[in-house]
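Okay, handing you the structure first.
When the chains are written out, they are named A, B, C and D in that same order, and each has its own residue count from 1.
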Amino acid sequence: MPDLSVDLCGLKMANPTILASGILGISRASLALAVRGGAGAVTTKSISVEPRKGHPAPIIITYSGGMLNSVGYSNPGIDNVADEFADVRDVGAPVIGSLTGRDEEDYAILAEKAGRLGFDALEIVLSCPHTPGYGTMAGLSTPEITERITRRVKAATSRPVFVKLSPNVMALTELAKAAEAGGANAITAVNTAGPGMIIDIKSRRPILGGRIGGLSGDALRPIAVRCVFEIYEAVKIPIIGTGGVSTGEHAAEMLLAGATAVGIGTAVHDRGADVFRKVAEELSALMEAEGLRSIHEMRGGAHEA
Amino acid sequence: MKHELPVTARIARVILEAEGIRSVILPVRTEVRPGQFAMLWLPGVDAKPVGISYHTPETVGFTVSAVGPWSERICALREGDLLGFLGPYGNGFTLRGRRIIVIGGGYGAASLLLLAEEALRSGLEITMVIGARTERRLLYRRRAADLGLPAVFATDDGSFGVAGRTSDVLERILVEQSVDTVYACGPEMMEKKVAEICAAAGVASQISLERHMKCGFGVCGACCVDRSGARVCVEGPVFSGEEALRIEEFGCYHRDGSAAKHFF
Amino acid sequence: MPDLSVDLCGLKMANPTILASGILGISRASLALAVRGGAGAVTTKSISVEPRKGHPAPIIITYSGGMLNSVGYSNPGIDNVADEFADVRDVGAPVIGSLTGRDEEDYAILAEKAGRLGFDALEIVLSCPHTPGYGTMAGLSTPEITERITRRVKAATSRPVFVKLSPNVMALTELAKAAEAGGANAITAVNTAGPGMIIDIKSRRPILGGRIGGLSGDALRPIAVRCVFEIYEAVKIPIIGTGGVSTGEHAAEMLLAGATAVGIGTAVHDRGADVFRKVAEELSALMEAEGLRSIHEMRGGAHEA
Amino acid sequence: MKHELPVTARIARVILEAEGIRSVILPVRTEVRPGQFAMLWLPGVDAKPVGISYHTPETVGFTVSAVGPWSERICALREGDLLGFLGPYGNGFTLRGRRIIVIGGGYGAASLLLLAEEALRSGLEITMVIGARTERRLLYRRRAADLGLPAVFATDDGSFGVAGRTSDVLERILVEQSVDTVYACGPEMMEKKVAEICAAAGVASQISLERHMKCGFGVCGACCVDRSGARVCVEGPVFSGEEALRIEEFGCYHRDGSAAKHFF
């Protein structure tokens, strides 16, 4: 049996799959569901300073090319999650707390408060493509701001910090370098693409309650793989390759592009909450077929001359 | 990938079921198992989970109680208006045994009607218990009669049928008859009562739960219950009485759209 | 029978479908193939100043979410196409000449020379996402440059000029306004997204010869619809909605988002070179079902309050 | 959408067919019609159209003549090396009639071998004519013998078999025998000759064309012929002799990778 275990900045994972932020992850129990489904680590839904209601439904739609979501960062706010995630250490796998803010100040507050909860690492999201006031729509995707926020967050917590980037920026590798310069321990690449819109032709209305939504799943995968490939050549810190992974082959592609671990979100829809176990088993089978013994033999493999 | 977009159609019929409760029938072909729900979409406004209460090969229908801004707009729709839905979603009920009791409180009766129809078609012995606060809010009196469905009605204020709660009616029936399975859908405290009564009496029960739902198909996590994390929209909405009683928050609290807890 | 005819800046089209640039379109005969397949108008493969060989193959791959291409603008150069497109007026539908340059100077030369050929309109491509030296990779996607190039091209030709934009820019509506300010007669939205990469896990190599490629087809459609929707609210000139259209329903979605005509490329793969006729027929059928008599009743329909 | 990515596998066998011409066999299951081609992919280098010349339920094989940088690298591959392909693509040949002649020039014989095998299995009367510049470049002498395929060999320099062109051989056969269909694949001037001979003799022919191909599946337009615009990769590569003779550029010119014309 090939060895699938990963040490991601000190997080000991039984396999490289990570529940991506915003899929399940709103409560301790929903994280536990993904762990029971085989996830090597899990990420919470992004937490903001104030409670947020999010957009009207549909908040998620699926179509032939993938998934669109405009959840709108609904969450009870950092002060109300203390309870929820107090005993998070016993879910059975490392837990990454995802944080989303409007500016540097928000992130400092979030990091400080979240650092007191049971999270094994913090992920800061500078990349939501469809929520006004957040991520790319708040101009958080410049190298300067990325470095500044990363630095503030690092100063406010002793936990490893992952910076989550958007695929929708031209200066992707600049942002990754800025995060690294700011002290980030890893890069999560990527958040959703687009945004996109689907219109119901009978009612002539955009279907998503928030009208536009981030694109994930199949549509996103080649973009995410390209981003991971580019970031791998730009920085030394590990990458959590995220976007459209739903099989062991897709996971292998991410690892070969340069990822150390693999985020999975949308595939929960197609393959169930145990998609993590399925992906890990498929990955193990194809490593065995190729005669590979450890997943370290795959990382960055597509870069060799 | 597996995928679907909402189906939108013009409402073929609106039925005034009771005070503040209406059904809308859409001319859409779809497969339904009793106990399933759909995300009913008012284009440009919002989509919410609603049980499927009518079904023929050519139509599908929903019964909505006006309790807030969205449901009031649904109840104000007229024939010819556009309405969409995503689904059907969820596991639905499973018919088990020969003698069954079906208990619905408020609009909860909606999810049970298709089950009752199927039970009748399968020749089961069925008793339907429908409860409401008061006579004007009682659902499906006509429909039950038309179906020839043996029904007991209960109102809190005694304005029609038995005075009192549906759970009291259930307790009485279980004393008088031997019953194989009890099906319940209604206010959560009533459901908990039903599950407990059945557990005590050693009778199987199936309970349809409600939790805040945003996607309806297992992705957003809004409907995950403590502590198992089971998704009410996928692993439910129907749980066996024992499963339901193992859900820590059952009859205790639920979460709203921002995942904040509210206690019953 | 609903009336599907469109007058696009003077181009008389029997239906709103247009063969998108880079699909077939390398010769007069390949344009004629699309016209026989029902296209309301056709666009040539983009023409550059110098001949270009393009990338090694595979130059096009299809996967579950859509298509990736890294054709790399192979073409014989503007001076060698005169022959090819000399008698282009008799293909049976309006012909749009697509031009791609590295800078303002290139575009001035191209417009001047192409203006002497038989094209009914010129499309300038400021948006290729995957060819170094061109489009977004050459920094052509700023409002200033967009306006400047458009103005130069307008000055060099009497033909209607369409400006083709990328979905990969944050400032999309700014670019559309800049093109309008520069005198563009229409906006073509959009070029491919990404770029993306797919890695073959056995050989560990990116599959595309050019390693990265632009994303089109299903994956792109919601992004393209969103772009058209936004541009429609930003400018008054017509929009050629392009990206992932392969059925009459998709075409209707584009029209409702605000498009006047609908570009089709990738769908030639799935539905054949007569996809144009199929889409037009499906569109006609669904307009009939909705009681619509002219496609003008659809344009921008998703914007009504 | 309909889609496919290349299949990559380790070469199971390399066969030295003639001077500068090798076959590679891949252990991949795929369905093939005789006359189809694939985009043979040397990972990290390039992919080019190549006819399918070997096929069993478990394998598929290609015969490549080293004529330039890419084909030289293919011919230098060894067992165990990785090679990929996309396809099979194209329409392929159609067997028609009882007596057929199959004419291959150079590596063109490759595309015809599977057709000859199928014809033998179907019990047709078949004569295979294989031509080359000189003996050392002649393909499939062994394979034709192993198959028990009646074959006539022709070399330009007379170093083996008949001295002269395959089209001359064809003309002679058509005088002696009555033939239903002639199949040809080889240098375009030879193909044109064959089509003309058959047209003059009133015999049906099927000609496999080559044009510069970049995608292989009908999107890029590289292989569209004047003036119909027919895509050799989709509507072809096999055309009836009449269709081929209606193609304006047949035997006259073809386009390169940047779509510039080259005359034969």
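In this text, contacts are C-beta pairs under 8 Å (C-beta built on N, C-alpha and C of every residue); 3 or more make two chains touch, one makes a residue touch a chain.
Nothing here was measured: the structure is a model prediction, and the numbers come from that model.
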Shared interface partners, meaning chains that touch chain A and chain D: C
Most distant chain from chain C, judged by the mean position of its C-alpha atoms: B
Inter-chain centre distance, chain A versus chain B - centres from mean C-alpha coordinates, in Å: 36
Whole-Å gap between the CA centroids of chain B and chain D: 66
Euclidean distance of C-alpha centroids - chain B vs chain C, Å: 50
Chain B residues counted as touching two or more neighbouring chains: 1
In chain C, residues with contacts to at least two other chains: 63-64, 66, 198, 202, 205, 217-218
Chain contact topology (line, ring, star, complete or other): line
Listing of all chain pairs that touch each other, if any do: A-B, A-C, C-D
Residues on chain B engaged by chain A in the complex (per definition of touch): 1-6, 8-9, 39, 41, 43-48, 82, 84, 86, 214-215, 217-222, 224-231, 255, 257-260
Chain C contact footprint on chain A (complex, rising order): 63-66, 68, 136, 168-170, 193-199, 201-202, 204-206, 212-213, 215, 217-223, 225-226, 229, 244, 249, 252-253, 256-257, 286, 290, 301-302, 304
Residue numbers on chain C that touch chain D, as the complex places them: 22-34, 36, 45, 51-54, 56-64, 66-67, 71, 74-77, 80, 84, 198, 200, 202-203, 205, 207, 209, 217-218, 246, 265-266, 268-270, 272-273
